[in-house]
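The following pair of complexes shares a single chain, chain A, combined with chain B in the former and chain C in the latter.
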Partner chain A sequence: MTRLRLLARLVGASLWSRRLAISLVALAVAVSTILFLSVERLRTGAWESFASTISGTDLIVGGRSGGVQLMLYSVFRIGNATNDISWESVEDIVALDDVDWIVPLSLGDSHRGYRVVATADAYFERYRYGRGLSLEIEQGARFDDLFDVVLGAEVARALDYEIGDRIVIAHGLGAAGLVRHDDLPFTVSGILARTGTPADHSLHISLEAMTAIHVDWASGARAAHTTPAEVLRARAAEGDLAPNSVTALLVGTTSRIAVFRTARAINEYPEEPLLAVLPGVALQELWSVVGTAERALAAVSAMVVLTAVVGLVATLLATLEQRRREIAVLRALGARPGIVAGLLVVESGLVALVGVLVGLLTVLAATPVAGAWLRATYGLDLPVGLSLREALVLSGIVVSAVLAGLLPAWRAYRIGLSDGLGGGG
Partner chain B sequence: MQIHRLCLAALSAFAVGQPVVAQTRDLHAHEHGHVTLQVAVDGESVEMILEAPGADIVGFEHSAETDEQKAAVQEAMADLADPMALFILPEAAGCTGEAAEVELHQEGDHNAFEVEYSLTCTDPAALTEIETRFFELYPSVEEIEVEYATPAGQGAGELEPGEALPLPTS
Partner chain C sequence: MYDVAFRYPGTGFALSVPHYTLDTGEAAFLRGPSGSGKTTLLGLATGLLAADTGEIRVAGRDMPSRAAGRDRLRADAIGVIHQQFNLLPYLDTLSNVLLPAAFGRGAADPARAVDLLERLGVQSALHGAPARALSVGQQQRVAIARALIGTPRLIVADEPTSALDTEARDAFLDLLFESARAAGAALLMVSHDPAIGRRFARADDLRDIARIQAPGQTA
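For the complex of A and B:
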């Protein structure tokens, strides 16, 4: 017991005498730990935010193309549809036994680089993200008038719009907006709360409004004499502005069991080539394409861990040369070679442990602050606790530091008495 | 211009002649060695839909002609019908399933077996993975592509010989 205490005091005194060098090594380990944990958190956060872009929807339906493409244009609003779905087909899908609800989406117009999504009221109730969160109106209300528009949070922020502002929608997707529906301006009726999903970057109007602004475009360009807004409002009230086609549908089925059966019924629909995909499946497929970045990040965090351990060993080996004398004195006082080697192993493990703990505490303290900012800016949700994988890697750092300590320990074991004392120092 | 008109006339004649069935030449993609499995879990019921090319199951993809071929089809149908023999599910989930109806579709020169299994599991939360004996029975099958919809979400994966595919559980 007293011997152990003596050893502990020796370790402590030896470390203290080299406090500057040792704290720098611990700092290096701490920085590596912080880097590893941050990269790891961003990585899992990126996947989780991506996977939770859409939830609660059982199927997405569009013109026949590929699942990834359908996902990209209907949910992420990237790229364009090759084909629309005719309204007759939409009615047939609604009539399917297992279909519980649908949300039609009509895309194709834009406003200053942001996509315009024409949809039904049900969109605000049915579109879910994350763990079943629904869209919330932060200011104002949903569409009431035919020419009302509900803005995504980012659109309102970037273009500095407020409730009651009047905006003009461009025909097509040109950022410059060469051809604009300026005869029929929209009024901002509501602004959505930030979600971190593509809804933040979209402008939402009703399907009838989409039809209304294209009424005079039958020939592909606007007719010379346009229909006044009042006439269009009256026609909308009569139900005269039902769309001929939509770009995509979000579909909910009556039970999970029915999902695959419904998808098959839609994929084999004889009247029109359609595609139904499970959003979860398409997201995974898409992630396997963009996930290369994730694997690169994983490689980076592995390198970071490796650097920490190598640095630790290098430092211990380097100081060993300067400590020949200390070791020789210990041996002269009767310490067996095994004890001296043990001291070095314990020291190496201890330094790594302190470094890892400092890094871990820093990250745990910083996560809530950084997390709030990341959620607000990028819609990234960081995991808060310590995952099993992270805990394993961190204990791996300490264990490998102990193992790595064996190398200098072995060298110290071999340093003879005469080696250190005879040097004349 | 003349030709153009002719084409239009031919097209409209075709349209008039075939008004109802729009996609008469709509063929499904067909890949040997490639089997798909769809798994849906809802409450205690688990439904699985399996689709496998005939070439991998019975070794030919035309319709059965000889007695030998007909016997092979009969045997395959019996083998494919039993979900408990074909799939390995965690014991704790307590799944039971009766023999399913096996269908053999012929589409042109290709055929495909299709089976819909309905299982009941006493503890669906324990349904954490799925494994199959398919590869031992039909060695030419290279991969089984799995799509699933469980209470914990949707996703996809691949079943490989001797390896269980983890399923998400909430």
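For the complex of A and C:
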């Protein structure tokens, strides 16, 4: 039998004899690990989901204002646009060499507190979120008739709408007291699958429909006699309902390098003051405003790690008091202080390692399950693998346990040798 | 042991030994009342305590001044039997016997441990059992086996019989004498019980060989 095996058996038997206390310590470490990883995952998941509210779009274009404001009203549908883009400008942008595609968005009307987004068919093809996911129609179809509407998942759920229901759109934003386009009701043609993005809270109609319901309007009021729906359908078929302006454009460019060139061309457009922003830049800017919760979570995960380490050290020190005799026996048999210290360090390191591994495996096993639920309910994308940062913190826990083991080891070194042996005088 | 002096830093208890020797294979008894410094003397002899001045030699080697060196010498050349035997209760019997070998230079030899245990009358059925499952008598035997495993030149026993009745004490001493003789080791036992001293060829009184300075006294 080698010396090492004998020492291993000593550590094993010692741990086994204290298995209840030891497994509680390991459990505490495991729980801390789970807590840390969960908080960390939610934190990065929150940012990643936020950052991928819109993906696959190279530029967002609107009337000249701030990048954050443009992002807020065009993508998050919060607040109002100060300026529109005239249709002539839109045609000029489409004509730019580097522009591959555009999706026009026209905002401003609402339905019972939910925003109405007038757009083109391209919206369903080009809008991407998460890791390149596209919008999917869960029930029904896209707009076919002029007065068709496609509902976001949350709108359909909250207002209990089904395919074929007729709804009336209000002029302007807000929940009550608005003039309603009740002369021209819409029919629900499709309902989108849940995405966890602002699309869930939007009603989508065609640009022509947006023009059509405002044909008889002037200076914010409706004319006494309005054009019947049939006449408007006929005019739409003739292409007579092109919009005068839109609120924002999603723009895709032909290549990555073309993005900045296109942005400059739009920002320096002489006919009208326009603004083009890169979604990633604007999202980052916006996150610095709304990301307080994320920073709070980061503080929480730091506290969790600290608690785990402090608890581990406290427990090891407490058990050391009960083990003075055991340590004195080992030294009486000729164990050098280095060996006793080594045994204690190996022991605390092992306990921490087992705790961390149990916690890690639990989280890795639970992530796919919890992730599917979070994806469906909150649109939160959890990271699947182990990030470098997480790996570093986890090995930090084990390393600090080893360092913490040094403290009892040093105390053991100092404990008087005849101490605890039961010898007299 | 020549001109050895030692003082406990905290209490002021001090002990000095001008001259004390044991020959190879000699068995000596050292008596003294409780608190007279017996355990301190054993602590110095085994290197558990470091002498402030003077010279201690065991098995022809000088006791090193570094703690790790003293531990090494103890692991290599000295077998210690404690008052309460001090087996590790959670560790199996065989590993308890082998434990000193984990700290010394010699290789751990399970066959030798088994042989020692059997000769001391600990049946092989008990070798795998944790030490806490053994009776007091069995624990004594295991403690002797543990003291002998490293083929020590010196066996030191500190009041090993204090927990035993007269019959068990005599049986234990027989076993210890025989084992020490077979191993060719010197035996040094301390006790406050003069009755034990009659079994030894050589019996010393601690007060004859050492000067004690207790707190509050002058030398």
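Here is the rule we use: the second predicted complex is superposed on the first by the 411 of 425 C-alpha atoms of A that agree within 3 Å, B and C clash if a C-alpha of one lies under 4 Å from a C-alpha of the other, contacts with A are read in each partner's own complex, and residues count from 1 in each chain.
As a convention for this text, a contact is a pair of C-beta atoms (placed from the backbone, for glycine too) under 8 Å apart; a residue touches a chain by one contact, two chains touch by 3 or more.
Just so it is clear, the model here is predicted, and its values are computed rather than measured.
Asks: Using the touch definition from the top, say if A:Arg331 reaches chain B (first), chain C (second), both or neither.
Replies: Only chain C; A:Arg331 stays clear of chain B.
Asks: May I ask you to decide whether A:Ile339 touches chain B, chain C, both, or neither, giving the answer as first, second, both or neither?
Replies: Second partner only, chain C.
Asks: A:Glu208 in the overlay: touching chain B, chain C, both, or neither? Say first, second, both or neither.
Replies: A:Glu208: touches no partner chain.
Asks: Would you sort A:Ser17 into first (chain B), second (chain C), both or neither based on which partner it touches?
Replies: Touch status of A:Ser17: second partner only.
Asks: So which one touches more of the residues on chain A, chain B or chain C?
Replies: Residues of chain A touched, chain B against chain C: more for C.
Asks: One more residue to check, A:Arg9. First (chain B), second (chain C), both or neither?
Replies: In the superposed model, A:Arg9 contacts chain C only, not chain B.
Asks: So, does A:Arg256 touch the first partner chain B, the second partner chain C, both, or neither?
Replies: The answer is first: A:Arg256 touches chain B but not chain C.
Asks: Check whether A:Glu40 is in contact with chain B, with chain C, with both or with neither, and answer first, second, both or neither.
Replies: The answer is neither, since A:Glu40 touches no partner chain.
Asks: Which stretch or stretches of chain B touch chain A in the complex?
Replies: Per the touch definition, chain B meets chain A at residues 21-23, 26, 38, 40-42, 45, 47, 49, 147, 149-151, 153-156.
Asks: In the complex, go through chain A and note every residue touching chain B.
Replies: 51, 55, 58, 255-260, 270-273, 278-281, 284-285
Asks: Would you pull the chain A residues touching chain C in the complex into a rising list?
Replies: Going by the criterion above, the answer is residues 1-3, 6-7, 9-10, 13-14, 16-17, 325-326, 328-339, 417-418, 421-425.
Asks: Show me the residue ranges of chain C that touch chain A in the complex, using the header's touch definition.
Replies: Of all residues in chain C, those touching chain A are 32, 34-40, 42-43, 46, 48-49, 67-68, 71-76, 78, 80, 82-84, 86-92, 95, 98-104, 107-110, 130, 146, 158-159, 192.
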